[in-house]
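Heads up, the next two complexes both have subunit A, just with different partners, subunit B and then subunit C.
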Partner chain A sequence: MAESEASRTATFAVGLASTGLDEVERQIPRDEPPPLPPNAELAVIGKSVPRQDAFAKVTGAALFTVDINLPGMLHGRILRSPLPHARLRALDLAAAARHPGVRAVLPVAQPGDSLRYFGVPVAGVAAVSAQAAEEALALIHAGFEALPFVVDLDKAREPDAPPVHDSTSAPPGNSSGFPAPAGLPLNGNVRGPALMQRGDVARGFAEAEVIVEGAYSTKVQTHCCLEPHAIVADWREDGLTVFMSTQFTAGVRHELAEAFGLPLARVRVIAGAIGGGFGSKSSLGNYGRIAVGLSRAAKAPVRIVLERQEEQMDAGNRPATWQSLRLGARKDGTLSAISLLSYGTAGVTLGAGVGGIAAALYTCPNFESAQYDVFINAAPGCAMRGPGNTPGAFGLEQAIDELAGRLALDPLALRDRIDPSPVRREERRIGAARIGWQRRHAPGAESGPVKRGLGVAQSLWPANVQTTAACEVRIMRNGSVEVLSSVQDIGTGTGTVMAQTVAEVLGLRAQDITVRIGDTDFPPGPPSYGSRATASITPPARVAAWRVLQTLFQEAAPFLGVAPEALIAHGGRILVANNPGRFMLFGDATARLHTGKISAAATRSDDYGGFRRRMPDAALALQDLGGVQFAAVAVDTETGIIRVERVVAVQDCGRPLNPKQIESQVHGGVLMGLSYALFEERLLDQHTGRMVNPDLEQYKLARPREVPDIEVVVLEEYRGQSATDAYGIAEPANIATAPAIANAVYNAIGVRLCALPMTPAAVLAALGKIPRRGELP
Partner chain B sequence: MAEANTAVSEQNVPFAGAGTAETVQLMVTVNGVDRIFDAEPRTTLAEALRGTLGLTGTKIACDRGSCCACTVLRDGLPVCSCMMLAIEANGHSITTIEGLAAPTALHPVQTAFIEHDALQCGFCTPGLVMSCAALLEHNANPDQEAILDAISGHFCRCGTYPHVMTATLAAAAKMRGDDNG
Partner chain C sequence: MRNFTWGQAQTVMDAAAAASVTVADAMLSPPNTNGQAGASIVKAGGIDLLDLLKEKLLTADRITSLKELPGLDVITRTEDGGLRIGAAVTLANLARSPLVLRHYPALANATAHAASPQIRNVATLGGNLLQRPRCWYFRAAEYRCLRKGGGHCFAIHGENQYHAIFDNQLCAIVHPSTAATVLVALGAIVECADAMGAARRVRLEDFLVPPDEDVHRENSLRAQEILTAIELPALNPGTRMVHLKQGETDSFDWPLADVAIVFDLDAERRCKRAAVILGAAAPVPHRAKAAEAILLGRIIDEEAAKDAAHAALADATPLHKNGYKLPLFETLIRRAILRAAADLHA
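Moving on to the complex of A and B:
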């Protein structure tokens, strides 16, 4: 591509900092800054500066949505269906409306409606206190006709299973990227298949010298955000203001405008501190609509905070999956064919696939997959940290481990042969040294009741970008600097890396930058999902800061007697690049501004070099993100207890902006993966369809005592694709953990556990010491 | 954690007043200040702190004593404020996250949490800070096992535990005065 009026040629350093950098020339927009040098040459980016909101969070001053208390605010509660499948026969809200504390009632379902899962909202009430609202729920008269139901994935696939949906009620498709496109056939409760195909799989298997097959299953995991889903809706004649614990303020704003027929300009969404999301707070949600409806009816602000039981029952979950994988390979390990079949369930909705990791992680010319969604009478699933690829990796990475065993190849040597990524090759090399891979023994080789083992697995997640992400940077005459965007910080440190990015450009310290985010009055930011926020918002933050700095240079140049182009910003000064003795303090330069403030905005430009694929408002970058994780486990073959002793996580996310924050987030990914591997399972009672462990007690999770020694290594990888070259880490850090542990368990005991969670009972059953689940003794 | 408060002998402090028919009047020393307020008997301490007293730094996450996000100190000992009725705090001293820092400086545990990035979303953080601070009040030189004991009931979905561990060890060292960086 040649230079033009709009673009110019720039030279970027690319590659891994640890193994040496190359150079590449790219066309970049003329109104964007020159390439950002590698971290070693930077002052603020790449440093572990403290979180900008840490002081507020350790002192209790941070305001979460659950802490918002508006004058005259009412408390909303939701009446939920007590049956897993029912027809609503009657709904009478009159007695509830007469409760002295009640200010509004709202029917959510109408008589005649089908209610397809236990806990689906039926009606809402708003009252002057939470207790009054609770009392009013008991005054609602609702009549339900019980309908046949099914809450088990396998039973729902049987031809005579009770149908969950009919052709009109079944969701038409799922645009969130977990194979469930619109227009697929529905056969009973089974919908699909979503197909992927390349090459000639039959020929690939015919050419194979070794074939391995396996079936793997994963259970429903719930998000368990510490802050419950929460909203305060304030409907007024002149517009709607909503405080919400959400991963996407700008998206919720659009949803509200559409749902309530309001001009976008009359809807404002504010998210202060947000107590986690993990995918479950990506949209308005049924409780959000109910709160807004109640506020409109009551003419007062209404707060709805879900109770923990509601959180567990109807606030999203990671779908359950079953997958069958067949791999064909040459004796040297080269893959000749992969065939994947999956059935998963996201309850009454779609999106229970096992992702695209089997198609993308390894070189294989012949691939086919058929992925089916199965409806059951259970609350809708949604995205959760690495949707699709997390259960997908649990199958694929065990199958690859199995193949290595069959070929008598070291699992790392096999991957060196079939994994085209030079980044993961380096990650395997580093991780193997840190975990002490050379001491890995043959499966089940240790004597004694407690057997140790080592395992490895890889993660893959497509780098993706919100192309609408925007941001503004303001410099005030008094020298203060603000960065503004509707992007929210769900705990990942988004605000901090924005401050670092702006500070780097302006030659200031991160703490000099005031971060104003989580408010749709500011330029529309990206969602905090899909490991997308950093990649989307830091480039426009740097571009906007650079643009406003050019304005400051214009105003300061005459005082320094040079042209604006001769100036740089560094160390709190505006100085002459080739004569650093000539400078003004940043605050002296801003004091000479003609206006009270100067400002510039920027929207995320395309990745330099282009995108792999465009979607509405978003795009896939050219590369994948990922990592390699190693686990060391000890399995007690008498109790069945698996103890994860050590995890080494070697990850990549482009340019690391804040190593400490990345390390924190990788800890979270590893621990969520460990918890998924060993403990977590939503249990639905087959006879009543209700969740029997809807709390944080019977729903088992990894706690402090289950935490292994975790070593995090983050590569510094440059690709010259944006103004910051930074990408996300949330999902890549989660995907490889469960299969790494499973492979380590196999290495320890010589028996493969193909179903999650890997409980003590599952271990003992696999060892033949007790009957398997569902089997009679 | 909940067991700790059963060991505290109940002082026979009379209720501060009659309240209304549905409420009782309570006197609780909160962050060093005597607070007199009415509460329904069914009100938990967490609800009273967050609602009546406006101290929203204390968080409710599970509301049944299984995550410890709501941890406050009653007479210096950590308790789950969601598992204690407000009337059980009558006549006692309660310290919340808002009252932990000295007027001019953060508590060393708070400083260490910032320096070691021992928080992410921050919702479980006040409870963890309170438990770790309470530990250091009673054990100036805790090992990893002692810290695990102190935080074993806490739940953090973001996975801050490793950094909570390093932060608490660092805070203990600083409080002992043998902080060599």
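Moving on to the complex of A and C:
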């Protein structure tokens, strides 16, 4: 692309800071700032600036949605189906409505409706107290006709399994392909296949000198946000205001406008502090719809906060998967064919695939995959930290480890041969040195009952960008600065990196910037899912800050006797670039403004150099995100207990904006992956379809004593693709952990565990130590 | 949760009188029955009680606190050289008591690893022994199981990975108290007092009730009776004891298996007396009599430990999801015996 009126040529530093930078020329829009130099040359970006809300959070001052208490606020509760599959025969809310504390009742299902899982909402009530609402639930007369049900993935695939859906009730899928493609056939409870194909797989296997095959399964994991799903809905004549613990204020606003027939301008969504969001807080949700419906009916604000049981049973979950992988390779490791078949279940909905990681992580000319969704009578799954690729990597990365063993190659050497990414090559090199990979022994080689092992696995995640992401930067005459966007901070520190970005441009400190986010009265921000918030919001934050700074330069230039182009902002000063002795303090410059406030807005522009793929409102950057994780484990072969002693996570996310915050997010990703690997499983009773472990006592999670020594290395990688060149970290940090642990367990005991979670029962079974009834081996 | 009236008992007799019904009996009536008189019950730490109330497994009209009762929260030496532990002693205080640490280290270990630090600071030993089982069917109001007065055990053919491998034909709960595993091994006596001021003393092992005796309760506490103390008999010099607990996680988790070993050795290191008690194995702490018999008269070595562990599990009847508990118990029993023997030489 040549220079034009709209664009100009700029030179960007690209590559890894640790191995030396290169340069590339790109066309960038004329109304955007020049390339941001590498972090070494910056004052605020790339520094571990303290999180802006840290003190508020640790002192309890931060306000979460569960803390919102509006005058006249009512408490909403939901009546849920007590059966895994039923037809609603009768629903009588009259007695509940007569309860003296009740202000509104709301039917959610109608007589005749099919209720397809245990816990699906049937009706809502709003009352003056939580206790009155609870009492009113007991006064609802609902009649259920029990229908045949199936809650097991394998049983649901059998031809005579009770059908969960018919062709009209089955969810249609999505043209974007996420969470599942549209238009696929439904056969019994089995929908699909979603197909991917390239090259000639049959020929690839014919040419293979080694073929490895394996089947891998993963269980349903629940999100376990510390703050439950929560909403306070306030329906008024002049519009609807909703306080919500959500990952996407702007998206929920659209959903509300559509669901309730309101002009967008009459809907406001506010998210204060948020106690975790891992995919399940991405949309309005059935509870949100019920809260708004109740508020409309009661003409009063209504609060619904899910109880932990509701949270575990019906607030989304990571689907269960089963996959069979077949790899063909030459003796030197070169892959000649990959074939993947998967069946997964997201309960009554779609989205239980194993992602595209098997197709994309390694060079292989011949690839095919067929992925099926299987319906069961269980609560709907949804996105959860690295959907698809997380269970996908659990299979792929164990299969690659298996292949390395069969070829008598070091797993790192095999990856050096088949992984085209220079970034991951460097990550493997760094991680291997940190974990002490040279000490790795042959599988099962240690004597004694407790055996140690080392394992490695890689992650891959598309670098998502929300192209609608926008923000505004304001400078006040008194020198204060605001950055505004509806983007929410789900606990990752989004507000802090926005402040750093703006401060860097204006020559100020991060704490000088007031961040106002989480409110749809501000320019529409991106969702905090898909690892896209930072990549989407920091470029427009920098662009908006740069634009408003040009206005300030215009106004300040006459006082310094130079042209505006001669000015720079640095160290709290507006100064003449080639004569730093001539300057004004930032506050003195703003005091000369002839208006009370100047402001500029910006929307995320396309990545410089373009996108790989465009979707409505979003796009994929040219290059993926990823990382390499190493795990060191100790397995007690007599108790089956796996202890993860150490994890080294080497990750990339483009330009690191705040190393401490990134490290913190990687810790979270590793812990969630460790917990997924060893402990977590939603258990449904096969006879009643109810979850038997819907609390944080019986649903096992990693806790303080399970936390390993976690070492985080974040590469400083420049791509020259946006005004900040920063991308996400949340999902790449989670994807590789479980397979790294599984590979380490294999290295320790010489037996591969192909199913999650890797409980003591699973380890003892894999070692052949569980006897027939009453008989010890 | 239903409203209730709240009171403080000032004397043991008042407290016993306030316990109009045992929690076990109160839970036999279906929840949310309108018009039915709620129970009058007593509360010590309240850890389990609050759970039962919140989950609507129990409704109470009156709750009487035992917190102000004098003398229930102390640990004293008895005249014969044993230990008397007030029922209201918290698990945290028990675990750090110098008397317990010196003379009954296995009990200190069991209480130090129960639940979480926050819970141990509030939970009492009495409440720990009397808490209701953690079976997830028992704990969900949706399941009217045998133990709650219903007709059937949902665990026997359901999700039973954390359930019993012994005595599980009727009801497959495991006893929830790890302290009980050690206390039974030590031959502890429980003392109960009634509303007339009379005290009843009974061996803990006899106080606990297996399903075939009465499937509706885990112990023989009566209405109008409270648990006041646990007494430990004096030990012979050189008695060795070890408690091992294995949870799925090390933090705030119930045991998959726990084992208490107590034995006396003679001068030739021959076992004169042995107690091998398994927790999380059966509806009450399970005495592995075959293992005890094997140890008696044997020199405690690797072979003896192995034989005892093997014998302990010979009559186990695992369910379809808890067969892993056999090798796990085998390991813990063997390790506990060897560790106790090793301590001897330390």
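Quick note on the criterion: the second predicted complex is superposed on the first by the 764 of 777 C-alpha atoms of A that agree within 3 Å, B and C clash if a C-alpha of one lies under 4 Å from a C-alpha of the other, contacts with A are read in each partner's own complex, and residues count from 1 in each chain.
Going forward, contacts are C-beta pairs under 8 Å (C-beta built on N, C-alpha and C of every residue); 3 or more make two chains touch, one makes a residue touch a chain.
Being a predicted model, the structure only gives us computed values, none of them experimental.
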In the superposition, subunit B vs subunit C on subunit A residues touched: B
Which partner does A:232 contact after superposing on A: first (subunit B), second (subunit C), both, neither? neither
Let me test your reading of the model: by the given contact rule, A:50 touches which partner, first (subunit B), second (subunit C), both or neither? first
Which partner chains sit in contact with A:602 here, subunit B, subunit C, both or neither? Use first/second/both/neither. neither
Would you check which partner chain A:67 touches, where first means subunit B only, second means subunit C only, and both and neither mean what they say? first
Applying the document's definition of touch, where does A:705 land relative to subunit B and subunit C: first, second, both, or neither? both
Where does A:491 make contact in the superposed view: on subunit B (first), on subunit C (second), on both, or on neither? first
Subunit A residues contacted in one complex by subunit B, in the other by subunit C: 131, 697, 701, 703-705
Looking at the complex, which residues from subunit B come into contact with subunit A? 40, 42, 50, 54-64, 66-67, 69, 96-98, 100-101, 106, 110, 113-117, 119-126, 129, 148, 151-164
Footprint of subunit B on subunit A - complex, ascending: 48, 50-51, 53-64, 66-67, 69, 131, 223-228, 273-276, 278, 307-308, 490-493, 660-661, 663-665, 667-672, 695-697, 701, 703-705, 707, 710
Which of the residues in subunit A end up touching subunit C in this complex? 82, 131, 138, 638-641, 679, 683, 685-688, 690, 692-693, 697-698, 700-706, 759-761, 764-765, 769-771, 773-774, 776-777
Using the touch definition up top, name the residues of subunit C that touch subunit A in the complex. 1, 32, 134, 136-137, 140, 142-143, 154, 157-159, 161, 246, 248-253, 256, 310, 313-318, 321-324, 326-328, 330-332
